[in-house]
């Protein structure tokens, strides 16, 4: 299995506070813990040619992890389309935190993906509401993050195929924080936490969830479906009574 | 449309504090606000013959509202079976609060329906997570109840067909508080609030939700399905190639 | 309630065979049976200014019915965007037959919406798989259409929120023919039958389903959600232990 | 991973025609192909003490496969209850064909699980409707069985969490043939084919689906949830405004 971690990588370059939390970038932090678990993980960033997501790279990617925030608009339509086609073809996609507003997530969801938010260093608890789900494997009753950005309902997404986590926030809100979807042959997982100023991707439980999600999202399923004009499998008219 | 509100009606008779909140019983309070909205609503209670749920009563009931708590075990199996068959036949069922542990709800869910709970006069906010749902009609972003019993995840239910409300509790928990299901031709709605010591059923938003739910749950759908040995609709063997 | 029926209206103008089946156009046929049932229904077509879907028209439309086939590409992006925003705002949308490939349906689904098809005058049976659903109200075990175009799986849509009908085709295929979705505050129903050369929209059961769907899809739900930066509802930091 | 294959094993003993198709019993046939794929699989049958399903056996079982038909009523309540608790605790359950009417399946579903049926040696095609699902891994567009018993809609089950296969039958019916559910920490898969008089479990595609299902259903997920009276995680009352 080959994972590609895509990161906008702008906050890290502009903001020393972010760089101090993620010296190798958010993509680097994720790559590190996935690699430690034996996952073959590469990175790609916005400012590389083709945003680091050439057709060849995507064709060799089983699961793509996506973090973006302030530069969603800079992602080229042709790259979005390329990623989209790969998802329909079976590539897994893990969308993190502010990636809810990325072009690719909105295109796959068919909704605005809007939400409430607040930066107030508040406590978050991600409660497991589906204890049977492999993405929650090894997690206790909840994941606690002492300080995070708040995301609150209403989150304008289609009803998830599976709801794995629901967040509680100190300031009074809740959020559907772990949501699975299928699009074509591809699996999609949205996972809420990970504001750039907090060490969320250094949290062992958050790392476990991303590792589980990557395993869950890897390509599987039936042979590639065939579309278009089809010959009948049975004689038509033979049955007319 | 004819609604029957079933109540165990034991707390009200034993506990003056509960009686002072609900002088006519929880069933009486619900009947009152439904009637004011023009809904034909009757009541039935545990200590009536057949718990007030004779075959005739159930046959004439379009939607049954259920509140029970300390006497789930006293509900006779034959009455549970009668209610169950009526749900499969199309009667709507609204299960309130501690009714999560009623025999009829557990039978329809196929799970333990267990949960966490705490009585600590804490604040609850029921956030609307499905703003398109008719059960949330006329509700703002959330319903606030200044004091309620806490119910927390994990709530051991099947993933709801639709999730309408998610509760936030002051003490740190979340809960899937408004859940729809279909069983046979019948619709089921579980709605969390309503501990007997709080004036929850006097809250205008809670009343609106129950009124909406009753409208949503009324019988509809296709003609009664036919089961068993079936004649072929098409000649079999004619198509063999 | 105000319904607008949108039709591409090209086959009717080009093909006498289609015109003989639908002398007033497919939109006219649908308008007629909805009006007879007391529904206030207007029509709009591709070749009208703004395709007949001005902002004002859409703002006054509760449910939009959509039929298109050979001219999907001619529908202007700005009109698609306008319809999309209205769906997220609560307008119902009923997509018929070849509308599966319309820009608006693909945008709302987030998938290719591709499928198999065949024109061979074959028998279709739409089996009710959710007998509790109001869209199936008054329908028997199945709807039989003596001759229709075949649509076959795999149908590349997200798993429907609710699956109401599954079609059987004489030539050996099946199809998820009645699918509900929610997007934002809006409800969407895809209904398969209705190839332009068959008198499908004159079928009483098909008419009943469309009438039911229009009732089901009308706006309901909570007040309009608020998005963006939100003040805390609770004091943050007060609970630090 | 340890799989236990449970079979009623009555047809095989009474009916030479069945015995000639399954000389080692249906359980033996399933054990054989699972073992060949490296799965540690044991069998258990109705006439063994405790139906071969002692607490110890179930505690060591990761996934239970269930085939029953004419002797559902002979399965003791206490064994049903034992299996039920193990499913809620995380044991996977694969229910085959006429197992739709088993006590354990009905208890987990909360519905009658009734359906239409016909024994007429007719052709069945199981179409993949979810090509992303690991249970469909390696399967083409459909599985064809030249002769099977027909099962037809309406199938009185809750809407499946995931619908993987839909069957087409020569005689004119369709059926939701591959359905996933979650109950507590356990995963359940219902798979339609396998009437005792046909060599269905010798079909390579059917074997692949059962092997995939066993992998999919193995225990995973979060730590065991805790239920009951819970201490607050946050100070209550501190936030009163």
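In this document, chain identifiers A, B, C and D correspond to the written order of the chains, with residue numbering beginning at 1 in each.
Rule of thumb we're sticking to: a contact is a pair of C-beta atoms (placed from the backbone, for glycine too) under 8 Å apart; a residue touches a chain by one contact, two chains touch by 3 or more.
Chain by chain, the UniProt names read as follows: A, B, C, D = ThuA domain-containing protein.
In this text, all values refer to a predicted model and were calculated from it rather than measured experimentally.
A.B. asks: Return the chains common to the contact lists of chain A and chain D.
C.D. replies: Touches both chain A and chain D: B, C.
A.B. asks: Please tell me whether A-B or B-D has the greater number of C-beta pairs in contact.
C.D. replies: Between the chain pairs A-B and B-D, B-D carries more contacts.
A.B. asks: Counting only C-alpha atoms to place each centre, which chain is farthest from chain B?
C.D. replies: A
A.B. asks: Roughly how far is chain B from chain D, centre to centre by C-alpha average, rounded to an integer in Å?
C.D. replies: 30
A.B. asks: State, to the nearest whole Å, the distance from the C-alpha centre of chain A to the C-alpha centre of chain B.
C.D. replies: So the centre of chain A lies 35 Å away from the centre of chain B.
A.B. asks: Which positions in chain D touch two or more other chains at once?
C.D. replies: Where chain D meets two or more other chains at a single residue, that happens at 125, 128, 130-131, 141, 152-154, 159, 161-162, 170, 172-173, 182, 184, 225-226, 233-234, 239.
A.B. asks: Can you name the residues of chain D that touch chain A in the complex?
C.D. replies: Residues in contact with chain A: 90, 125, 128, 130-134, 136-141, 161-162, 170, 182, 184-187, 220-226, 233-234.
A.B. asks: Which bits of chain A are touching chain B when the two form their complex?
C.D. replies: Chain A reaches chain B through residues 125, 127-131, 141, 152-155, 159, 162-163, 166-169, 172-174, 176, 234-235, 238-239, 241.
A.B. asks: Please name which positions on chain B make contact with chain D in the complex.
C.D. replies: It is residues 88, 107-112, 114-118, 120-123, 150, 152-154, 156, 158-159, 161, 170-173, 181-184, 225-234, 236-237, 239-240 of chain B that touch chain D.
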